[in-house]
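Heads up, there are several structures right after this.
In what comes next, chain A is part of two complexes: it sits with chain B in the first one and with chain C in the second one.
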Partner chain A sequence: MRTPSRSTLAALACTLLVGLAVGCGNARHAAGVTIHVSDWGGASADPNMARFQRTIMDHWRHLHPDIHIRWEHIPGSTEYVSKMLTAFVAGTEPDVMSLDASSAAVFIDNGCLKDLAPLARRDHVDLGAYWPNVLAMEARGRRLYALPGDFTPMVMFYNKKLFQRAHLPYPQDDWTWADFLNDCRALTVWPRGALHPTQYGFLAQNWMPAWIPFIWQNGGDVLSPNGKRAEGYIDSPATIAAVTFYAGLVQQHLAPSLSQTQAQGADPFENGLCAMEITGHWSLVGIKASDTINLSDVGVVALPQNVRRVTVIYESGFAVTAHTRHPEAAWLFAQYMSSPYVQIKKAALGIGISGNRAVAMARASSNPLEPAFLRAVPAGIAPWGARVEDYAQVEDIGTEMMQDVLIGGMSPAVALRQAAARIDPELNS
Partner chain B sequence: MRRVSPASAIGSYVLMVVAAAAAMTPFVWMVLVSLHPSHGALPDPAHLLPKHLQFANYSQVLHMDATPFLRFLMNTLIVAVSVVCGQLLICAPAAFAFARLSFRGRDWLFYLFVASMMIPGQVTMIPAFLVVRSFGWLNTYWALIVPAISSAFGIFLLRQFFLTLPRELDEAACLDGCSPWATFWRIAAPLSSPALATLSVFAFIATWTDFFWPLLVTSTTGMRTLEVGLSLFKDAFGSTNWPLQMAAAVLVLLPVLLVFLAAQRFFVRGIALTGLKG
Partner chain C sequence: MTVPALAASRASSARSRRLKADLCAWTFIFPSFLHLAIFTLFPIGFAFYLSLHKWDVLKKAHPFIGLQNYQNLVHDTLFWNALFNSAYYAVASVPLGMLAALIIAILVNQKLPFVNLFRTLYYLPAVSSAVAVSMVWTFIYLPESGLLDWVLGACGLRHASQTDWLNSPGLAMPALIVMSVWLGLGPRMVLYLAGLSAIPSSLYEVAAVDGGGRWACFRHITWPLLLPTSFFILVTSSISAFQVFTPVYMMTQGGPMRRTDVVGYHIYNEAWRQFHMGMASAQSYVLFLVILLVTVVQFRIVQRRMAGYSLA
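Up next, the complex of A and B:
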């Protein structure tokens, strides 16, 4: 019988100890203050983004050589929230964090963030320079928890070539659900004998930011105004009618089914399979890099309206954490990220619209697609996630509800009633 | 002995080949997409076979400045190998003690270990994070290795195996003057290679594929592991470059596959002997 030698045991132990020893120890900081900054989105392979980050950090070092920045990029929006919450529990939170409107309430309502309003007053920061409805997303009354970075309203992208081919005029900002439905019908191409249309009017996604504006436009909502109840709202007649309208686009084959979209693998709007899609400013980056669609063939228009004109705005800003050990340095950095210098450079990347009105207007004057986004801003409201701490669960249930309707064939009224019954215990737990 | 008819043998082979092909399809698809030209959309099944094999995708993934894959690979190897070694060194003697030594409260202690397997990881994550932070281990290999170094599952698995070894071996060793440690080290451990290999593969795969814990305890790109790196990579490319994403996914998966193939013989035997097959 072969016995393991002492050297085998020693090798095992050595491997373990080497593993433990390599790289242990805390990072050492140079002289001065080091502030820890977290944002979500991870690294970027985009050379423009890398250049942007290098440029602003070089500029920051020039302005504040004694304040060093340790920047942590955290992949994935859900993981970002989880990691930040854990860090707050453990007291290892960053000094400055990127605050996304879709999850802002979790951090604001739990006292994780510093009220920046007194600092803004003290340093005469001109809060009037920002879009008021964007600034309001990170505020609670007179308290302000972040300075705006960039944002986007959800708008309709359309493929100009497909509109021209169908001899349709381009949609205008005052278009209605009826106009939208007519355009979807005219843009859907279903050759005789084919199993499916070869072209669809619209790309229907089971992504709540894409379909919640339909509910709002119809006068409905998913939660009560105080965000504490779903029953009576998500299952209201107005909401049911909106979901029925949205699901009808798939059921009438004016939009591909969810499985057809999944099977595409690529964006069906970019591929030319769908003539319209609801999305945000960030999509311009992908379209610019796309081999299948030219940016000049893309048009942008406000969402079609029904009983009211409304859309949702997604925004991200920079917040200072409540218990930072370097509040002044953190505040300086949050101001810097929100400053025209950084905002002009960030806006040039095309990811979002600057929260600073002057910067956004200046960019709109030289870029043909920007004005359509800006025209949609006044009708933009904050996502529920900016106001309700547990909204992530509501979104999960909402997504399952729409899946039951679009894939399972469940009636919207039944699916929404079930969703209400599931959401209320979550909100009141 | 009952003879298997040729028809039934052929039938079972056909069934197994079909099942194996179905299981392999996602992996084959992933490899084929990874060899398509960069920046391409997902190919439809009719054009899955690339016209020209783009092995350059792999080299591109390995040499990205924003996502240093070789660094992620080194970190993951250090962590995975350390955890495997740690689990072997800690779980095997503990399991032997539970299987062979008589001491007061042994069974209750063992049940406590087994019960701890039922506590979801999410429940222990924050306390573990607080402990790691209090030691000043955040963003170090210590945080990635130490919490995983012992495993109730590993102790359970090895104990079940040690129970199958004949007691006569212990008694003979005792008559020859072996201490319990010597009995473990000279008799039980050498006979346990299938179970030890099984535990190694389980520990290696669990560590290799762990995402959230490394995300929580590391904060710099240089300390990230492959799974977190893959997520960073996905964020960097969005859905615009499937061939590169698939190349990255293949690179992450390959070492696990190699470990499994190398230990497959022991792994299957270990599962059969420890009663894990159910």
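Up next, the complex of A and C:
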């Protein structure tokens, strides 16, 4: 074998060194500080969102030219939590992160986030400007772990045209389960000789956030008040009755099968296949862009009530991570994202309702659908994920429980008893 | 210079050249080795270390618990269910996939018009994104509005045209298997084509002279000479089948009722939904042992058959 010359070896070594330098290089800004911000979703997928971010970043640069923002969008809400947790373990977490109420507890209870209450007191931040039950989701007693961004209560969307065609009055906020069931029956169209209904009253989803309000409305729950125990709660008579009611909608063919509902890319509500759907404010974005349904044909009403009136609120806020090297800059940015200036621009996108009451009220006065959301806010409570660290596992088991009922034909009582037996060891492991 | 001194000088020079050559070789190998060490060897070792600990991602304490995770696995019915599902998937999808690939390879090995077009078409799944393919097959399997149900309905199969393929406990896994056969067709077909093209045509000519028919040619020439190719496909396909993840993640999420919860997906959930890294690592090692066992058994059986063939 011919041995290489010294110059060849030197060139090889140089190439390796340059490669390492490029690979490990950190494009730091020459002056000022750079803070890293993480949220979920990709702005590039939505031109309006991308435009919004460009606008606010231009404004931020004008206000704070010495604080540079490096923004990382992480697609997928489930993957977002996993990726952020991994980043915390690796010590590569951002300085500011979007915190979703449904997974807040896992970050708060593990000491990932900075208590913002002392900073808020020091800088005289008016916390009274936010919706109290929204602010409370990111708090633990007097400690505050995020400033509210936007939120939504889960509400019922309905297709006005389909109601008109069935000669039904639009539902009102005080409607009951009985009214809802009657409407579902009246809105389901099953032509004689057809293999299946050509129109369903309701879009039932095996997505726990969509059906847990039924359990609460019936006076039941999935966990004990301290979030440590499922037995006696998820298998209580009130919970069993609520799950029986919800599953019955599919079993009576008033809602399509789970597969049809799960089909991605085609929304049965937007397509006019289902007359009603439980969802949040974010769905307005898709409806606005839809070719199959007009925004003016959509109505919004509170969820039907039974024993009590209640819904769940999902919220996202801005949290500063506990070990950030730039706490003051990060705090400034969190305040900025929660400020009326940004909130007004964000609310215009239609993704959520501003956590700032004044901004939300102002928008409600000019948008016909907003008041229905705001009326649902007082009945809104935090998702369990804001309070219980391991709640994601409860949701997984809940989803499987509903499959056992809807697909396996298991009775709700048996399925819920089995779910309780699986959840308790997970919560106490 | 004396003869011994000259010899010593030559030996020293040869040693120096060898050292330089070795150094050069190691310099070129080093980046690959570094990559292997960081991204393969270290994770293998660290996963075993994790499997001996109660290691939750965000907990500061990671107590050593010895073989407790492995002991817990013995009583973990959900893990055994996942292992059973993986075995079911492998046992069904690998032979079916091999058979389909062999048939297609024999067909596209004929001298027919447009044969290259067909080869390309059959290879297409191999260059498609598994995620995109899974989405397409999800739509194919949709009840009522899916392509499969539509075709069945058009054929007059009224009952079958309402089948909820991916949400039916008995049909979800077969549906995944059918998709996997299509997805794995391209690479297997190419391997079989390579094997077929390596068989000397003179063997077929001799067989024809001796009056051998097509089936006899296949049985006594094609199949025996394709055994090494088949063995390679069997081993690699079995390993892939036990590691299947993407279609399950995209199409069924382990459901309905955990009927498609295969080990790869089960481990993913344990690690990234429940953050039990210790338990997930123990499950990974058990999966490794199962794959190792399956591979060893395959080697034993096939080697014996191949030896039998060579004696014949």
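The rule we apply is simple: the second predicted complex is superposed on the first by the 399 of 429 C-alpha atoms of A that agree within 3 Å, B and C clash if a C-alpha of one lies under 4 Å from a C-alpha of the other, contacts with A are read in each partner's own complex, and residues count from 1 in each chain.
Convention: a contact is a pair of C-beta atoms (placed from the backbone, for glycine too) under 8 Å apart; a residue touches a chain by one contact, two chains touch by 3 or more.
Just so you know, these numbers come straight off a predicted model, no measurement behind them.
Undergrad: With the two complexes superposed on chain A, say which partner A:Thr292 touches: chain B (first), chain C (second), both, or neither.
TA: First partner only, chain B.
Undergrad: Quick check on the superposed pair: does A:Gly141 touch chain B, chain C, both, or neither? Answer first, second, both or neither.
TA: A:Gly141: touches no partner chain.
Undergrad: First (chain B), second (chain C), both or neither: which does A:Thr86 touch?
TA: both
Undergrad: Going by the contact rule stated at the top, is it chain B or chain C that touches a larger number of residues on chain A?
TA: B
Undergrad: Determine, under the contact definition given at the top, whether A:Cys112 touches first (chain B), second (chain C), both, or neither.
TA: Second partner only, chain C.
Undergrad: Identify the partner contact of A:His73: answer first if only chain B is touched, second if only chain C is, both if each is, neither if none is.
TA: The answer is first: A:His73 touches chain B but not chain C.
Undergrad: Quick check for you: in the superposed arrangement, does A:His196 touch first (chain B), second (chain C), both or neither?
TA: It touches chain C, and chain B stays clear.
Undergrad: Report for A:Asp404: first if it touches chain B alone, second if chain C alone, otherwise both or neither.
TA: second
Undergrad: After superposition on the shared chain, which partner residues are touched by A:Asp267: those of chain B (first), chain C (second), both, or neither?
TA: First partner only.
Undergrad: Could you give the residue numbers on chain A that contact chain B in one complex and chain C in the other?
TA: After superposing on chain A, chain A residues 1, 3-4, 9, 12-13, 16, 82, 86, 89, 264-265 contact both chain B and chain C.
Undergrad: In the complex formed with chain B, which residues of chain A make contact?
TA: Contact set of chain A toward chain B: 1-4, 9, 12-13, 15-16, 18-27, 36, 41-46, 50, 70, 72-76, 79, 82-83, 86, 89-92, 264-267, 271, 286, 289-292.
Undergrad: Taking the complex as given, what residues does chain B use to touch chain A?
TA: Residues 39-42, 64-67, 78-79, 81-82, 85-86, 88-89, 125-126, 129-130, 133, 136-142, 145-146, 149, 185-187, 189-191, 212, 215-216, 219-221, 223, 228, 231-240, 242 of chain B touch chain A in their complex.
Undergrad: Chain C touches which residues of chain A in the complex?
TA: The contact residues of chain A facing chain C are 1, 3-4, 9, 12-13, 16, 78, 82, 85-86, 88-89, 106, 110, 112, 195-196, 257-260, 262-265, 390, 392-393, 396, 400, 403-404, 407-408, 426.
Undergrad: Any idea which chain C residues touch chain A in the complex?
TA: Its residues touching chain A are 17, 20-21, 23-24, 27-28, 31, 57-59, 135, 138-139, 141-145, 153, 158, 161-162, 164-169, 255-258, 269, 272-275.
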